[in-house]
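Below are two complexes that have chain A in common, paired first with chain B and then with chain C.
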Partner chain A sequence: MSILYFFLYLLLVTIIGLLYMGAARKITAHIQNRYGPPVYQPILDVLKLFAKKDTASHGIMHSLGPVIAYTGIAATLLFLPLGNHTPLLHFNGDLFVVLYLLVVGPLGMALGAGESANSNATIGIARALSMMLGYEIIFFMATLPVFYHYGTASIYRVIQAQGAFPDWAAILFPISFIAGLFALQGLMGEKPFELVVAPHEIASGPMVEYGGKYLGLLQIWHAVGIIVETGLFVDIFFGPQSILWFFAGTFIVFFATVIVNAVMPRFRIEQAVRFYWGLPLLLSILGILQVYIWR
Partner chain B sequence: MAMFYLLLLLVLVGIVSFVLGPIKVLRNIIAFLGAVTAFFYFLTNIKPGLIYSLNIRVYNVHFEAGFSSMFFGVIITALFIIFLIASFHEENDGAYYLFAYLTLTGALAVLFAKDLISFFFFFETMSLFSFLMVLKGKSDTSFRSAFKYLVWSVFGGYAFLMGTFLKVYYTHSVMIGDISYLAGGVKLLILILLLAPFAVKAALMPFHLWAPDAYKDSKDTFTVFFSGGLSKIGVFGYFLVLFKVFTEIAVKYPYFLKAFAWLGAITAALSGIYAFMQDDAKKLLAYSSISQLGYVAVGFGIYTHFSVVAALFHALGHAVFESLLFLVVAGVYYRTKTTDLRKMGGLIKRMPLSFIGLLFGIIATSGIPPTIGFPSKWLLYEALILKGDLLLTSLVFFASITAFLYSYKLVHGIFLGKLHEEHKNVKEAPLGYAFGTVVLLVPLLVLGIIPGLVIKPIDYIVRFYLKPELGYNLANMNTPLGHVNFPVVGLVMGLTFALSLFIYLIAGKSYRAEQTDNYTATEAIDEDFELHYAGEFYGFMKKAFGRPLTWSFEKILNAFLKLFSFLGEVARGFYMGDARVYLFYVIAFFALLAYLMGGKL
Partner chain C sequence: MKLFKFAQSRSLWMMHFCTGCGAVELPPTMTSRFDMERFGIIPMATPRQSDLLLITGYLTVKTLKRVVRAYEQMPTPRYVIGFGSCTINGGMYWDSYNVIKKLELYIPVDLYINGCMPRPEAIIDAFLKLREMIDKGEANAWKKYIENYEWYKKNQAEVFDVEKWSLKK
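This part shows the complex of A and B:
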């Protein structure tokens, strides 16, 4: 019974994530004065990709890469509370479990893309990993004051410790919140930090050798990834929300990244990393100072 | 007596293997049986609290086995067996095994030593014979690397001896025991002097300079023991000095501990950065080993119950995954005769078992669940946040991100990408390497899922000195900040993997593509087309880091070298080798004397 519940839960979040992707395409199209595809287009795409019969694989790791990627993100999702909705498991969303499980997905994709022996793919991976030295550390430093302030490392307890609107961590720690927004743009891989995919330079990077069901798995990985990444942000900064408001919150955050994405050019890789070591780093250190002053 | 018999056994086996040197098969059998006997003898006969003293006329050598010596002893002896089995595939002479056995003897005796003088003696024995092991290494630069290692070891050893003399001068006792009652400044000096050799052994910055070269240039299988096993003596030393010699350190010198933790974090971060800049697999791993030991120093520096538990658990983890990684690289070197990441690639199709070993090794190095690297990282972060040093926490987190970078570079360079023409017929690593790989994979996964198995003995070591704060049983761990059930993490990953695999299997079929069947934007691919992107892998990070990347401790030391040779040149300038000049000096000296005496001469 619980296995079935867990399966449906994953399916539902995957579909919502795909709809977010469709919405992103629609929003971008409207900004660029086009109509764009319907919102449910990514769902059709994924179904088509899974149905394809003639898919090239470069070896066992190349095949398993997308499988591991989806494993990582699905496991992360099950440890992440969605607002007030307690997760399936009896211990509630430890920050470090979530942060480390979040890396399993990119690692799986990196291993898979590596085996294809396409230098475009490997350059994309090298960029993705280097970018982590930028955004990941900022994201961590931006959330650290919140966890320290509430004296816990559990995401669930951080949510519950915050109150209704004015008691949100976003209001209490505005500097860290802004630093977190910077980091989120990189975490989501949207422009100006879209270096990993960069279709015009390295032919969509790690995905270059993937087609058919592999690409399908990577699509649903990306879809759940959107919910998990924005959800983590909403959980930490926007306090306890019912499940509907939680999704509203994630959509607003996602919307913000999408409109930035639509109008921004792309950084070079060393510019992107250096950007994070500038203003966002300063902001996140100020956020940490703020929590020290408060204590 | 048991401890003495154990050490005697090891020395004897070493001598016998030396004598049997030319008869390879017999020598190997004796060496192997000796190590296995020692391991089981250790497990069965040596119990915590065992005391023995050996009177050698001029001096009483005191031995005592504690929980900590048991813990580190088991790790070191087990790794020694793994090293030994793999080393039979290499071309070694009898002296190699003699030195190896004497190194192990020294290391175990250090764990048992109860007084500082014999501690020093055994520590230097271990350093000397491990120096000889490095000297027997494979490359032309072995001598230089081994010499560097010796110089640093001697530096640490003398610092330790000086600390010992100071302690004896003030307390009139050579026993390892509490000296908290001493006056302030002296105590701090003794503390720093006693810690120095362990900082050298555990390659804490700025004492790490010997490590990358010595790890790279020693024989591949010895590096497994060298990095995984012998560095544990450094960790044991941290424990010894910070807990047994100084019990009130947290009250009296909180700033020293803070500096120690920061030094550990800086070591972890900087070595991580150096690691992903390396193009040589062994050098990359050497830096990664240094980086991982940095976390151990952080754990000791925080000095709370579960930070020290985390540090000791991480030391165990380090022994498992670094040895595994070095062992796999040793196997790859055995087959391909190279450790240059730019010259390998695509070996996953030829050496699948080695690939699995390396894959889990890097997963553990990065601290990803469900492997042995995760529980210690988790505990360390909880301890850091509880302590409230958020900037230190961030630096440690930065260091753990660099682990992803160098890990991927390692696995990609060796196993992924394009298979080179000269490696088309490479076989799987031979049995000795494969054995170690499989054996090390067991604790790597089991202790990642059920860390409680070793948390209990580690807790026994620590709870005597620090207030227990960590709640644990086989599966769960509770800190004041949070709670994790490790088997559940493993179970959820297993279930989601099954689900993803199910999706993968029900979706459409796929076919196996050729290596050259790649998208290259319409460029034609032939055999010369460079598909494998391995050199300058993170080249752009050089631009991102800019100038600071070119700074190094070595340059500072070289500046000192230049200064001293300049002063030497100046001093030498006085000795012209000409009798008239010396005569002039004598006259000038007397003239000066006469002037200073005011004409009274």
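This part shows the complex of A and C:
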């Protein structure tokens, strides 16, 4: 029964994630003074990709790469509470499991793209793994004060420990919240940290040799990834919400990243990592100092 | 299956093979002035990801090799639009020694846009026409390439220097 429940949950999150991608394209279009595609356009794209008749594969690992990536992000959903709704699994320390599972996606892509032996794919993967040195550290250090303050490493318990509006972690730890927003922009791979994909520069990086069904799988991986990443952020910083308010919160956070994405150029890889080790790192250290002094 | 057909005609990912002058007419079509993204058409980076190949302008023998290779990498169903007079009859290069005159002999073409160069309005019109053709099931040029593969390969080998490029191997 819980397996059926999980698949329904996965389907729901996939469709909502695809609609978020459509909304992002619509918002970007309006910023650029055009109409843009309909909001359901990414769903049509995915259906079209799965309707492709033949798809070139460069070997077993190349075919399995997108599957590993999608499985990794789907497994993260097991631990992700949608607001005050209980997740399928929760225990003390599941935050670390989620942080590890978030790496499975880029790793699956690295394994798959590596077998295609395309130099653009290799550059994209190298950039993706170097970028992690930037945003992963900041993201972890920004969420650390919250978990330290509530004395648990379970996402579910952290949510339950927070109260209604004035008791949010975002209000208690504003400095960490801002550092977390910086990390989220890199985690989502939006501009100015879009250098993994960079279509004009390295021809969409790791995806360069993927087409048809594999690309469709990578699209829905990205869609679920949007919900997981913004959802984790909303869960940790905005406390218990009803499911509708949870999705409203994720959409607001996503909206902020899309607006930054629409008006920003792209960093080079060393600029991006250096940026993360500057102001965001300082902010996250200040956040940790705050919780240390407070206790 | 009707849903898949609907998705195929509403979502066309395009690779534009800009050999020269056509590159000037496409940016206005993509950006705010004419906005082709409202029809679900966006430019993609590689042939493996795209459904629609846009050949803009003349093709020399050297670029034709790249076009054939890009075309064969695209997953089926795939569509080709010949863009401008040069792809129809050579255009202003009708007597050039190293420009091919008829694109149709080397890869199958679904649709031509004539003019030198066609305006963005004409390009949008062609995209809508292609969408109509996919809806009706008429855009089947990619099947022709599979059925008449020998014939297309023979035509390609005639213009390529076979000895030099060792295409027969």
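Note that the second predicted complex is superposed on the first by the 291 of 295 C-alpha atoms of A that agree within 3 Å, B and C clash if a C-alpha of one lies under 4 Å from a C-alpha of the other, contacts with A are read in each partner's own complex, and residues count from 1 in each chain.
Rule of thumb we're sticking to: contacts are C-beta pairs under 8 Å (C-beta built on N, C-alpha and C of every residue); 3 or more make two chains touch, one makes a residue touch a chain.
This is a predicted model, so every value here is computed, not measured.
Contacts of A:Met207 after superposition on the shared chain: chain C is touched, whereas chain B is not. Counting the residues of chain A that each partner touches, chain B and chain C differ, and the larger count belongs to B. Within the superposed three-chain model, A:Gln290 lies out of touch with both chain B and chain C [touch as defined at top].
In the superposition on chain A, contact of A:Asp45 is made with chain C only, not with chain B. In the superposed model, A:Glu136 makes contact with chain B only, not with chain C.
In the superposition on chain A, A:Lys53 makes contact with both chain B and chain C.
Legend: residue contacts after superposition of the two complexes on their common chain; A:Gln32 is shown touching chain C, with no touch to chain B. Looking at the shared chain after the overlay, A:Gly216 reaches chain B, while chain C stays out of its contact range.
On chain A, the surface patch touched by chain B in one complex and by chain C in the other comprises residues 50-56, 203, 208-209, 212. Residue ranges of chain A in contact with chain B, taken from their complex: 3, 6-7, 10, 50-61, 63, 66-68, 70-71, 74-75, 78-79, 89-91, 94-97, 100-101, 103-104, 107, 110-111, 114-120, 122-123, 125-127, 129-130, 132-133, 136-137, 140-141, 144-145, 147-148, 151-154, 157, 203, 208-209, 212-214, 216-217, 268-270, 273-274, 277, 284-285, 288, 291-292. Those residues of chain A that touch chain C in the complex are listed here as 25, 29, 32-38, 41, 43-45, 47-48, 50-56, 199-200, 203-204, 207-212, 215.
Only residues 3-4, 6-8, 10-11, 13, 31-32, 35, 37-40, 44-46, 48-49, 51, 73-77 of chain C touch chain A when the two sit together in their complex.
Per the touch definition, chain B reaches chain A in the complex via residues 345-346, 348-349, 355, 359, 363, 366-369, 374, 377-378, 381-382, 385, 388, 390-391, 393-394, 397-398, 401-402, 404-405, 408, 411-412, 416-418, 479-485, 488-489, 492-493, 495-497, 499-501, 503-504, 507-513, 515, 517-521, 530-533, 537-538, 540-541, 543-544.
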